[in-house]
Amino acid sequence: MENKHLLILDSSPHGRLTDSTKKIMYTVTLSLIPALAVAYWFFGWSVIRTVVLTSIFTVGIEWLIAKVFDDKIDAFDGSALLTGVLLAMNLPSNSPWWMLFIGALVAVVLGKQVFGGLGQNIFNPALVARVFLLISFPVAMTSWPKPGALSDAVTGATPLGMLKTEGIGAIAKMDVMNLAMGNMGGSLGEISALALLLGGIYLFIKKYITWEIPVLFIGTVFVMTGIFWLADPAKFANPAFHLFTGGLILGALYMATDMVTSPLSFKGKLIFGFGCGFFTVIIRLFGSYPEGVSFAILLMNAVVPLLDRYFPDKKFGVVKNG
Amino acid sequence: MFEILLPGLILGGFALISSTGLFFASKKFYVEEDPRIEKVVDMLPGANCGACGFAGCQAYAENAIHKMSLETTCPVATEEEMFQISEFMGVDSGSGIKMVSSLMCNGTDANTQHIAEYHGIEDCWAYTLIADANKACAFACLGLGSCVTVCPFDAMKIENSIVIIDEEKCTGCTLCIDSCPKYILHMRPAGKTVTVTCFNTDNGAMAKKACNVACIGCMKCEKVCEDDAIHVNDFLAKIDYDKCTLCEKCVDVCPTDAIQVMGGRVHVAAENV
Amino acid sequence: MKLLDKTKKAFFSENPVTALLLGLCPTLAVTSSAENGIGMGLSTTFVLIGSNVVISLLKNIIPSKVRIPAFIVVIATFVTIVDMGLQATMYDLHKTLGLFIPLIVVNCIILGRAEAFASKNSVMDSFWDGLLMGLSFTFTLFILGAIREVLGSGAILGYKFIADTTPTILLFVLAPGAFITLGFMLVGMNKISKALQGGK
Amino acid sequence: MSLLKTFNRGGIHPPEEKHSANEPITYGTIPVQLMIPVNQHIGKPTEVVAERRAAVKRGEILAKSTGFVSSNVHSPVDGVVQKIVKFPLLGGQISDCVVIKPANIGENFKDIIDADTLNEVNIEGFSKDEIKSKIDEAGIVGMGGAGFPTHVKLSPPAEKPIDQLIINGAECEPYITSDHRLMLQKSDEMVKGIRILQKLFDDIPVTIGIENNKPDAVKSMTEATAPYKNITVQALQVKYPQGGEKQLIESITGREVPSKGLPMDVGVVVQNVATVVAVYDAFYYKRPLTERVTTISGNLVDKLVNIVYPMGTPVSHLFEPHGIDREKIRLLLGGGPMMGRTAFSLESPIGKTTSALLFFDDSAYEAREENPCIRCGNCIDVCPMGLPVAQLTEIIQANNISTSSKEDILDCIECGSCSYVCPADRRLVEWIRIGKNIIRREK
């Protein structure tokens, strides 16, 4: 054995697809650009400020954690950045910087790292932060800037908020097309359903999300609100309104489909999507909060391990008996 | 007055009924448990490592009391602890010799060469699924630390790509013995520090070619030993620790330094002096 | 020196809340402010000392088969005393702590110390054990309450140090805040007790 | 053929890299020394009968099988046995090898093979047991890679009736083209071999499964099988691991081999095309299995070939004729890149199951570090066995194998699809192999 250099020993397979965690994370982040562009169109520079600040905060905090606790954590693998951008899309564009900081802290520390870092978290970090902020600062989190208003001082409620507080009359004038485009008050990611769909379709083509969760989620919301609307149109808003307002599209396409916190098996995904939709409708129609997407997703996040365990995919060569 | 008396009576009556129930229940469902078992468990180290072969200290104690013997000793307990238990039970305290784990290899980077560049999972068993050896000597320690992972007492570490065992910390629980895919760890009495640090059963020339400190089966140690404690089989020396008196003559005479005094001086080959 | 060791043990490595995770119900429920924490802690301390002393006095009389009911009766007596005493002297605190004062009866810390310590040791030792355990419980509850009060309402022991208009993190006053704070406290206390053990 | 058949679940499409598909089968020269591994099969180890310094003839037994699940090893050439040594094989195992000094060093192996006489054989004249024992004597093992003794596979117990014979010509692994060339150049021989196997099972229907990236092979096999009604050729969609036994059965018959079961449980026997040719050789040339077609490929090889070397030829003998720069070799694979194993010695011998030898330099290898699992589910999507791979590896890493996950782990066919697609570069198959090892040790 007189090789100058040694042969490499490794386990098969000796080849890989070029996909990587980084690539997935950055692609998902990039697919949010259309929605951000629409948000910029309606809210102006404050959008950029919010997104940049939360991204810097989340990546910075993750980097600090990596420095202090575990140098195996790669703060720049894109997951922290994605959390930051998604968090920004869940907040009003006029949020003060310290709120963004607290949000980022909660998202990275409470939402992710205390569970053991990337891949170990049970709940979607961005949603954990959003709910934390919503509970802690209810006033700041429910006064949204009006689209087109140049001053941050002009604030109002989201269409869903109006529906909750003022009843069905308040939304009667609203045009569904306008809502779909995003011309309404709300967080960055709530407003333009169509732009979000665009990004979602891109991700679907790239196979980074699957159809089960979004379809079941949105479908359940549509069907359930439709049933209520048909039963009593004077009390409940029509399903199209529910589809395009609030964080439903953002939640269904980006939050619920988050790889880490969604089930792996086919049946699990179906149940997960249905559960998200079901709880969203229940909270929207009968809860005290106007919007229920984040709570619904967090609730379903908690049962993901159970779904994976009790609804596994069919194995090869296993015949169901009885 | 009646206001206090009535609840008192009701509660008292209720207490009487329940306590009667409890009394009969305790008679009916009485389980006899030897109180000595608990005492023995208290005296054991409580590591629950299962090294004795039972499912934890409780099971060990139950067995010991049941059979009234300490034939299977607790390998983790010190001699004093075992003595205490034997005193308490009034039986002999087994063999009572502390054993430690010992590596039959000295294939450090300096003594033998790696033959490949390994990129897989850091685990000896994972390595054996890819290839049988990673050093020129096919019997050598792989140095990927499966035994280190399995050791509950932090007594092992990898240095120079072989395992170093801290005899102070080693309790002789034998967990590492089964964790080694090359089977080059063995147990020896703690005091008997003279060991053959080789496991190569190839003939002398091949062994020497593979590793500088391999046992080449030259029989010098067997000849020099006055206690008939060392024998060469399959080109490999083996020490009978029942007979070894630690005279270290074999250590001095070994031409390849394949016999070492563990924890003592590092020996220089006799020829080189 | 021995006392110092005992104190260290009681406060850190054997802290009833952060090391043994006992008595979590009052810990989580009443610590929305530092004051509540102290009130609850001191009440428990009183009961602990009382029950420890009495039980260690009676340890030879109580038959071992009925020891648990007997302990409960002793503890219940002291809890009733505390309950009535608080009601008479500090009505506001009594109102805030509410149900959790009677619930001290079933607090595992007290029964645990009675069973594990007082029923086997002398009166004097039991007294010290009750005092130290109680104080460490009080101390833990105080810290927990203080953190939650500072973060959740911008005040400490009822004294508000920021302007009324400044928003505070409401979540910490609510139940989830208790869980989150306790979680981080567990981390911190475990680190400290590890460091103390390492220093020995 | 509108919709090609394939298996239902999972599968991947790695780059095919079959650059050597147009290279006809050639023959190599005889090296100065042959190192013949005595154990080239799964099962009981053989007993070495060759003696030191004894002369051996071509076809003489060197190591005898010691039981039913065992296989003879023969000498490929005339020569002298020099010694018996332990030597690392291509798979990394260290095994006993019989070292032979051939009589005709440097001669082309084709001359030796051509010297074998072709016999006219009347297959009808053989009984089933005779056929099996002949295959056993010839030391034929599954040449697809696993090396399971063929006569064992052909002897299903009576209670498991066989109604379908499948010939595996899928060759789904990238780079390898040896089976492809066999199907092109030896199609008639192959059909004769199939007839022998068919005889064993009373003329049951035979299907030859070939992936559709080899249309010429499909054509030549279709032509060769035209006279026989119950031998058909089935073109299959290109998808890895089509050549996996269980997957191939599903593709062709739609039957699922039950978990923990064998093909015979669904009435199927699968044989590799190279094995069939070996069976033909054993009957018509009375030639035991001592050589095979090997694809030499990889980015270091100047002249890609499908070549026959005598079994036991050391890899180093290949460097000069094929223009391989010895100094640059960093990765030497015995078999394809998906399931092949790395070798650590450049002297390792070619064996009965070496379908390909791939030589790569540094540029082809990328050291990968395991990142945390992000539960993307890709591994589960591509797993042809439908296993929850991500969860299984976590269970194995935590050393927490339960009874139910044990069954899952043992069902893995180690095709490597999961590791191939994992974006976090996790060594999923490797972990599963460790899991299998742990289970095996517990037994």
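The first chain written gets the first letter, and so on, giving A, B, C and D; residue counts start at 1 in each chain.
By our rule, a contact is a pair of C-beta atoms (placed from the backbone, for glycine too) under 8 Å apart; a residue touches a chain by one contact, two chains touch by 3 or more.
This one's a predicted model, so the numbers in the text were calculated from it and none came from an experiment.
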item: Partner chains shared by chain A and chain C (touch criterion as defined above); value: none
item: Chain A and chain D: spacing of chain centres that average the CA atoms, whole Å; value: 48
item: For chain B paired with chain C, centre-to-centre distance based on mean C-alpha positions, whole Å; value: 44
item: Chain centre separation in whole Å, for chain D relative to chain C (CA means); value: 70
item: For chain D, residues contacting two or more additional chains; value: 92, 341-342, 344-345, 368, 427, 430, 433
item: Residues of chain A whose C-beta touches two or more other chains; value: 1, 5-11
item: Per-residue overlap in chain C, given as positions that touch at least 2 other chains; value: none
item: In contact (per the touch rule at the top): chain pairs; value: A-B, A-C, A-D, B-D
item: Residue numbers on chain A that touch chain B, as the complex places them; value: 1, 5-11
item: Complex contacts: residues of chain C adjacent to chain A; value: 167-172, 174, 176, 180, 183
item: Complex interface listing, chain D residues touching chain A; value: 9, 14, 92, 174, 246, 250, 256-261, 327, 329-333, 337-347, 365-366, 368, 371-378, 380, 384-388, 390-391, 408, 411, 414, 416-417, 419-425, 427, 429-430, 433
item: Chain D contact footprint on chain B (complex, rising order); value: 115-116, 119-121, 123, 125-126, 128-134, 138, 202
item: Residues of chain A that touch chain C when the two form their complex; value: 102, 110, 114, 132, 135-140
